[in-house]
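Below, subunit A partners subunit B and then partners subunit C, in two separate complexes.
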Partner chain A sequence: MRPDRPTHHDAARRRLLRGLVAAVAAIGLATPAMAEGPWQRLDAARSVLGDAEPVTQGLVLDLPHVSEDGASVSLTVGFDGELADDDYISRIDLFATANPSPEIATFHLTPLSGKPEISTRVRLNETQQVIAIATSHQGERFATAREVRITVSGCLMRNGADQPEPLSNPRVSVPARFSPGQPEAVRTLINHPMETGLREGPDGEIVPRHIIERFTVSLNGETAFEADLHQSVSASPYLLFYLSPEQDSEAVFEWQDDTGSTARHEAAIETS
Partner chain B sequence: MNHRHNRSGLTRRQLIKGIGAASLLPLVGSAPFAIGGQSAGRVVVVGGGFGGATAAKYLKRANPAIEVLLIEPNETFYTCPFSNLHLGGLREMDAIAHGYDELKDRYGVRVIHAMVEDVDADAHKVTLSTGRKLDYDRLVLSPGIDMRWNALEGYDEEAAEKAPHAWKAGTQTELLRSQLEAMDDGGTFVMVAPENPFRCPPGPYERASLVANYLAQHKPKSKVLILDAKDNFSKQGLFTAGWERLYGDRIEWVGLSSDGRVTRVDADRLEVETEFGTVHRADVLNVIPPQKAGWIAERAGVTDDSGWVPVKAETFESRQVADIYVVGDATVAAPMPKSGFCANGQAKVVAAAIAASLESRPAPEAYWTNTCYSLVGPEYGISVAGVYRVQDGVIAEVEGAGGLSPADASDATRALEAEYAVGWYNAICQDTWGTSPGSRAT
Partner chain C sequence: MSHTELVVWSAALIGLCFGAAGQATGFCLMRGLANSWTLGDTRKLRSFVLAMAVALLGSQALAASGLVALEASHYASATPSWLAIPLGGVLFGYGMTLANGCGARALVLLGSGNLRSFVVLTCLGLAAYMALSGVLAPLRIWLEGMTTLVLPARDLPGAVGVPAWLTALVLGGILLAWVFSSAAFRASPRDWLGGLIIGLLVPAGWYATGVLGHDDFEPVRLASLTFIAPIGESLQYLMLSTGTRLGFGVSVVGGVIVGALAMALLRRDLILRAFDGPGQMLRSMTGGALMGIGGVMALGCSIGQGLSGMSTLALTAFAALAGIVAGARLGIVGPLALSNN
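Right after this comes the complex of A and B.
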């Protein structure tokens, strides 16, 4: 409804709204979006959000507009919004709205994670929206979504690839030295088929689900970063995240799959 | 073509010829061009590769009264298709060289050997390296690719003189070939392959094949190592089976999940380092870096933040700037691959769309085909084919219309496909430039 000219009432309402926006901005929060985001239409996302109306600025999803290989789409999620001084992003959830099972991963961050930015590679069955939801330690919620077009290039048609040995070749790349409190990127890669449980094998039978479910990083026994992975994570999961150790630490990286098997990698981290 | 790279490489002779050609223009200007008729409009085509040369020719075929100016810095165009045969010692550079005489003499295309330095889309003008400005009614850009220098740490234009990309045919191809010839027996040829999207998806793997073929004959103790930023590549199963059949374990491929992604290049030491810290030393290092649309596309304002050009599927007109049409590797045309065949087909769609729009007719319905032949050996060919049309406003592959060479084909079939590959090359070059290999018009 839009009157031809503004009424006295409208003008007052606009002043009120402007005041509200200014007040929200003044306490360092972006304007909450009133429009319904795609996260409102996805049960899995709504269960993370609860009744909260997420802020739609601050959380950034970086994905290609068009991907020619839906089996492995590079994704980066990061947060550059504002939070109270004593607050931090403690959880990031990723969803693929049109995958058979929309959950991609849930990342649990701590003050030792340092910087809320994570890169991974995901499976996208078809053109769809990818959703990210971030939750702060004090319960602030942020959401964003990106549309990705999936198309398999004609020249990329392939006829079968070998499946990697589960939990083989754990690889970790950590900087030689950290400055205390200065987050640095850490990269991990491990071979695993990440079988979705949806694919037919050569014999026509469904290949059973077989995925890495959990990845944990601890510094001197204290959990620094955790990831719950689902079948929408690409085979041989890759993760780039940040660590911010306060002192020399023994870092332990552990992957666990749904058979209970684990792989482990240890690294000595020096700070100076 | 290569706007940035060739600017310094333009010889004085080429420059003078370019000026000579450009200085003829005032005689023509925008005055009536076709004898006995009015100009039906002026189209400037930038780039004389598969896309640009085809667009110029097919515009003239659609309507000879359209004034068509083709701007291309080089008098001789070397094709990327079949340049791997030169690397493998199977074909001379002359046999992948093409000129513009037929476009000029038979079709009446005005060919100007110069660079395009700027595009003013509002004023419908392009500025040439000669300083001359040309008006256009419609502009076609076929700028190919440029390398994203330094996207891979340590790999810039200078590094490419030591560790060639050879992903634009010409001097880079010859440099890499001479390095291969000079390599000692027992050396390792290391190739760094990029993530998608990039020019010619099966190209790196055909190159590895034909290099392995050369090494098997001339330097039998040597190896080929491919470090790949992908886990899957074009015609992977066919290539892998062919490698095993022809070259045993001479070719080693390391994919993304096995730490194949290179993150740093040291061209002086011929070393590369992967994401998880493995250092590989090469005797000959071929780095195929990340790419983007050719420079002039960005200058014209038609690229998006991916570095490539989004186009309207039906016509290949830019989604961002009116009256500019873009064809070939520079575009986002997936699922069509970045191939010379696709550029040729896209150019025909653009020619038909422009001819229609100059007469205020709607563009005809577009569809395309693509066939990528690859040689695993001189007598061992494989292929993938696709058919594409517009569905819901985007390009889509027609299901069941294309396909791959069979996995279990006989040697005779592979040999036939190698012959078809040569037939394909001759046919598409004839269609694009009117020149067959060896009969280069100069």
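Right after this comes the complex of A and C.
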């Protein structure tokens, strides 16, 4: 039976609870000042940050909490924080803390990119933190991290799936019409094995590294978006990003792999 | 509507139809096998085989028209395990008799107010994910790796060298001839309607993921009706929905429960039922766990391999279905039969 009136015991428990709440709040308030994010413990991330103290608000990483297929994890990174009127996000770096090489990709954005939001698919070989660092044109830095749990592959489908022909079949989806200065999503995909250089082939020999290193988009010859890719990007790289053309433009998309081979796709962009 | 939303909504619709049809007709492989082995009444079994024939002909028609490439489904594996697939089938079939129905049946019964099914489903989903990616996964992967078989062909047409449409016509014709050879079955519209509707939902599933879900940039994995991994995934989705995306399988599972509930209300058949005692509960829990583990090893359940897998004519489907029937026989006829109360 519950007593109707609070007993001395209850009062003591409430006091203890209040104390605990205060202690937790104090720790919670103290954390941002320390700003001990996982990016401080990763050399590759620290080299991007330099001595700067990143802002931990504004940059958003969207990844599944749990993924059954570490070979292809959907990732979206976007920025909705505050910047000076004449400033823009000019660079976003992605890192996977526990991959053999932590760099995933570096994106270079321009005012022609319009909106700092990029989606791709990445490889994560175990449960780990994924880190994003954004740098603005005027040097402001933002950082965020997200933990992803990787379990073994569900239905074990990839039993020697056919390797795609490198740099074949580039696909680009561009909106039929842009409004000037209004960012719209562009999606690109190209076949490529993105061979990591870490995997053994059927003959027991290490399959040499073979990846797309660079992807560029230009509008009328002016660079609008660039991506440096590393082996943690999934096979047949997929990229969603935004373009914000001011006038009718000739868009050129170019992929370059580490053998120097390239693939090109051109598209006419109309604005109205 | 984006292509992924389209897949999720069509999956919910397919689930609703499955739940409603299953609730109204009592469609169940386990009941069909038990009735024909113990009572000599083959109507429920013929209903299941009719669904299989309809699923086969419908899916192969989709494939022949070039809309869906069924060899991209996970059933058509060229390197299956010769042990895990039939053994998983046996575990699943035996578990199905302990739990008094397969996973899909438990979803329908849950929608009709059967609380026993909730226990079966929880154990099934938990065990499925233990075997898929949890504590039992390393053992399963080791076992599969030890017993991998390199097949010269992935499916029956490839193995016998006959075009898929012809194989489907011949096999479908034989199945249909047997199904309708029974006057009792022909006189039971409940059974042939149930088989027909559920059979049609299999090509509908291929269409939803393969045609509506087709997108060069963000492909949706080709799938149709299947329940073991999706029941586990549904439990996970309930707990982690903010960090995961709703897919075809989970949406079907939700649709089945809602469809069965709606049909149970419509037919004034919603009755809360619980266990009579700990013995029955233990049997249901064991049955659920065996179905979860067995279904993952066999790459599918009585519906997943028995209907969807068979509709692709994949060789793994024949092995898994034979295992399921053998396991069910162990549990219904013996020697491992437990007395039914």
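We take it that the second predicted complex is superposed on the first by the 234 of 272 C-alpha atoms of A that agree within 3 Å, B and C clash if a C-alpha of one lies under 4 Å from a C-alpha of the other, contacts with A are read in each partner's own complex, and residues count from 1 in each chain.
Rule of thumb we're sticking to: a residue touches a chain if its C-beta (ideal position, glycine included) is under 8 Å from a C-beta of that chain, and two chains touch if they have at least 3 such contacts.
Nothing here was measured: the structure is a model prediction, and the numbers come from that model.
Subunit B and subunit C, once both complexes are superposed via subunit A, clash. After overlaying the two complexes on the shared chain, residue contacts for A:Asn191 are found with subunit B alone; subunit C is out of touch. In the superposition on chain A, A:Val152 makes contact with both subunit B and subunit C.
When the two complexes are overlaid on their common chain A, residue A:Ser173 makes contact with subunit B and with subunit C alike.
By the touch criterion defined above, A:Pro164 lies against subunit B but remains apart from subunit C after alignment on the C-alpha atoms of chain A. In the superposition on chain A, no contact is made by A:Thr271 with either subunit B or subunit C. When the two structures are aligned on the shared chain, A:Asn125 is found in touch with neither subunit B nor subunit C. With both complexes placed on chain A, subunit A has more residues touched by B than by the other of subunit B and subunit C.
Legend: residue contacts after superposition of the two complexes on their common chain; A:Ser236 is shown touching subunit B, with no touch to subunit C.
The clash between subunit B and subunit C in the overlaid arrangement falls on one stretch of those listed (22-30, 130-138 or 148-156), that is 148-156.
Counting contacts as defined above, subunit A residues 64-66, 68, 74, 151-152, 154-157, 159-160, 171, 173, 187, 189, 238 meet subunit B in one complex and subunit C in the other.
Subunit B makes touch with subunit A in their complex at residues 195-197, 201-202, 230-238, 256-259, 275-277, 304, 306, 310, 332, 334-337, 339, 370, 372, 384-386, 388, 394, 396-397, 402, 404, 407.
In the complex of the two chains, the subunit A residues touching subunit B come out as 64-69, 71-72, 74, 149, 151-161, 164, 169, 171-173, 187, 189, 191, 235-236, 238.
For subunit C in complex with subunit A, the residues that touch the partner chain are 74, 77-79, 132-134, 137-138, 141, 144, 216-218, 229, 236, 240, 242-245, 299.
Those residues of subunit A lying in contact with subunit C across their complex are 63-66, 68, 74, 151-152, 154-157, 159-160, 171, 173, 187-189, 238, 240.
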